[in-house]
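Several structures are given next for inspection.
What follows is a pair of complexes built around subunit A, which joins subunit B in one and subunit C in the other.
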Partner chain A sequence: MTAWVGTVERTRAGIWLFFVSEVFLFGALLGMRFNLWGNTRPDLDQRLGLLVTAILLASSFFMYLAESAVAHGRRVVFLLSTLVTASLGIAFLVGVVGFEWSGHLQPTDGVYGSVFFAMTGLHALHVASGVLFIAYIGIKGLRGRYTSAEHFGVEACAIYWHFIDVVWVFLYPALYLMGTAVQA
Partner chain B sequence: MESREHGVFRAALRGMLTLLALAALTWGELRISLLTGGSIPILLLFSIAKAALILYLFMHISRLWRTH
Partner chain C sequence: MSTHRGFVRHGAHGWSDYFTFNTDHKVIGVQYLVSTLLFFLYAGLLALVIRFELLDPAPTLNANTYNAAFTLHGSVMIFLFVIPVMAGFANYLIPLMIGANDMAFPRLNALSFWLLMLGGLVIVSGNFLGPADTGWTAYAPLSLQAPDGQTLWAIGVIIIGTSSTMGGINFLVTIGTLRAPGLTLGRLPLFCWGMIATSLMVVLATPVLTTAMALLVLERVAGMTFFAAAGGGDPLSWQNLFWFYSHPAVYIMILPAMGLISEILPVFSRKPIFGYRAIAASSMAIAILGFLVWAHHMFTTGMDPSVQTAFMVTSMIIAVPTGVKIFNWIGTMWGGVLDLRTPMLFAIGFIGMFVIGGLSGITLGSVPVDTHVHDSYYVVGHLHYVLFGGSVLAIFGAFYFWFPKITGKMYDERLGKLHFWLTIVGFTLTFFPMHWLGLQGMPRRVVAYAEQFQQTNQLVSLGALILALGVLPFLYNMIVSWTRGAQASSNPWSALTLEWQTSSPPPIGNFDTPPVVTNGPYDYGESLSPREAAAD
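This part shows the complex of A and B:
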């Protein structure tokens, strides 16, 4: 037990260091947006932006519920919550990649297209990897590998998912709301 | 020692309240951006408030310093 706790503590610290590096990565992208776009933004679908934001925020709640359920030994609630979280993650990807990327703004549309696709593309990659991570803990949970005392995999997945959510909280206004809309 | 059912119920309630606050902030963010022409400082404040809510209530930051 002591060895397991020690490993978990080191892994947990490693995860947070990984998030620090991610903050620099997305911070650089946000810096690029403000440098190139200034007080303007491309004219994007506001309803779709609000919808995908709501979907991602709701998914964070179900991830939180999954982690709480596994900590309290509620396996069915855990499995259902992971399923809902992954589904909402896929719905977010469909909204951004399937619909927003099919809009009038294309990667070849100057700085607006380049910045928009770089930021949403990198974030979508993180969401896709998060969905795979959730599927992994869901399968492990289905096999009964987690207990209320030892479920670090679920905790790590939850923190990663919430991090993706926090990143989008900054990306959404930077891409959809800040500045005046211009036709790219 | 709280029961399993009670523990999950409390977690769900706390998460739901957080979600409602986040939804209200997101809606306010959109309305304010329309009213102020996308004021960067105001929208930045909204983002920080939303990120703080997610960090404190969903991310369990305290676990980093929890003693076993």
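This part shows the complex of A and C:
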């Protein structure tokens, strides 16, 4: 009746505004990191940090593969790629929550532990929700709900996943690389 | 009518629909307006408790009770009345003003409202756990030592902030994508421009408040360290995070009000708005500048003088776009055929009171003055001039102006005028003497004060009583006119914006024939008063 822009365009605009808002959510935490840690950082497991970062970056490649596969109607590639993406996401969570969180640095260890757990915790919540989102599109794909023309759910999931990945690209150096390591 | 799966009952068919998860923007608008008005009454009663305590220099109430009263007064007024009541007007009016059937995301919209109710419940229920008593600013480390209610307070603010952010995204996408054919950005009603600027600030600033509140909760319940200097934390970082949101929040509360005023003034002046583009652009300028001034709340924290100067300059610059608006409103009335109905009286009252609040704001933005009056009653006087004299007067005016559209009934003009005059007299008696108290050195947020301030404080309390009495004819008018008022026509003010071009109240789906826009929102060709226009 009115000049409707398609639902997809509207939802896409809404999602991007949501990302803008998320940038400020994480940005405030980054501000806290630079304020409280200054030119120092806690002594963390560098190999683990590099490994989980590589895993998350690799997962974005498979997410992209899943999205282009569904656009070309290649169902098997789509399903396999979502499976790989979700598995890499879970591997990232195991690395951060399972191993790094049970290291020597704990949330009650002053500003180093507090900021580290706040930042990785908020990010891990996003990764976990992203894995659930991937599982959701995987199940819908398994039931054949997506076509090469209509698969906005996959697109939304993919840009959310890439966004989480980009956030980590900023968190990783702030937590693991910048400044000199001190024993917390 | 929209056909969202699972939401068959869509729109208001009876009063019980207002208590459901309804996705119709008009139902949600009324839900917001009525519930936030109830929160206004609650916080207003708390203000009377505060003014009762301050009748006497010695403490009458327990000091903790007093602290909890002003904390809850400020928090509820800001988070549960002024900010969300604007979302109420925006929900009701924006789809109508732009010729749409509904908001862009109707289910998200309903979720925003119910989250607001949940957040309000969480904040108010904190009273039973030992209430938050640190003021609405909750400065650390004081807020780390406050009773358990402070934790619920912070969680409630997070929930309300989430609701607010979802609303902001919804308004932006709605205005961006659902405008009727011909409704270019240059023909957008100025309230919509105000909400664009407001929503941008909401989307960018609210998450920072969310982070601050989440860290406060973690520090209080999980033994973490962010703000307590004792553990290596930084109390000032609370102030930075808090004001990074809360100064923009000042504009989140005033820009929609300025939009409401810009709708009312041309209608009752029977003239095109003066300087349409300047008003729209100044809203956007304030939205951008509003992010660059937050540290002026922290001039006395020992910051570097060069930083002080920078924030002083940015704060003063805000006065320029604000002044542009004031002169444009005066230009709109200039030479017009003024019709002094209740909404117009409140709009003119807004301009006068807001100018005073703006000027006291400029003095506070000046470092040397602020050093002397920081945390004094001068600040309390200033903030009430902009928030009550500004935002709330505009809200009252808007309630009267759109009452016929929303309810389909006319309000009582005499009761409306009684409300206005009681409000202006009570308001001035309440808040103007606060400037004197502050200049003489009376600190804010204290339960006991020096005896020489007693007479002025009693005058202030008398004003508060008159202000409260003024609310009674308003409530009576709203309730009785809604149930027994005279039938309102679809366009009782002969206004040109789209919401008046459909029936009162509008049908589900808003417009029987799709509107096509061919002219601007305020193209009043000749100076006809509404009465004359009706006689034609």
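Remarks
The rule is simple: the second predicted complex is superposed on the first by the 179 of 184 C-alpha atoms of A that agree within 3 Å, B and C clash if a C-alpha of one lies under 4 Å from a C-alpha of the other, contacts with A are read in each partner's own complex, and residues count from 1 in each chain.
Convention: contacts are C-beta pairs under 8 Å (C-beta built on N, C-alpha and C of every residue); 3 or more make two chains touch, one makes a residue touch a chain.
Remember, it's a predicted structure, so these values are computed and weren't measured experimentally.
In the superposition on chain A, contact of A:46 is made with subunit B only, not with subunit C. Of the two partner chains placed around the shared chain by superposition, subunit C is the only one that A:111 touches, whereas subunit B remains out of contact.
By the touch criterion defined above, A:36 lies against subunit C but remains apart from subunit B after alignment on the C-alpha atoms of chain A. In the overlay built on the shared chain, the residue A:74 is in contact with subunit B alone; subunit C does not reach it.
When both complexes are overlaid on chain A, the residue A:150 reaches neither subunit B nor subunit C. Once the two complexes are overlaid on the shared chain, A:22 sits against subunit C while remaining clear of subunit B. Across the superposed pair, subunit B and subunit C both touch subunit A at residues 5, 13.
Against subunit A, in their complex, subunit C makes its touches with residues 99-101, 104-105, 108, 165, 168-170, 172-173, 176-181, 203-208, 210-212, 214-215, 218-219, 222-226, 231-234, 237, 240-241, 244, 509, 511, 514-515. If you check the complex, the residues on subunit A that touch subunit C are 1-5, 9-11, 13-14, 17-18, 20-22, 24-25, 27-29, 31-32, 35-36, 107-108, 110-111, 113-115, 117-118.
Considering their complex, residues 5, 12-13, 16, 34, 39, 41, 46, 50, 53-54, 57-58, 60-61, 63-65, 67-69, 71-74, 77, 155, 158-159, 162-163, 165-166, 169-170, 173, 177-181 of subunit A touch subunit B.
Contact residues on subunit B toward subunit A in their complex (touch as defined above): 4-5, 7-8, 11-12, 15-16, 18-19, 22-23, 26, 29-30, 33, 37-40, 43-44, 46-47, 50-51, 54-55, 57-60, 63-64, 68.
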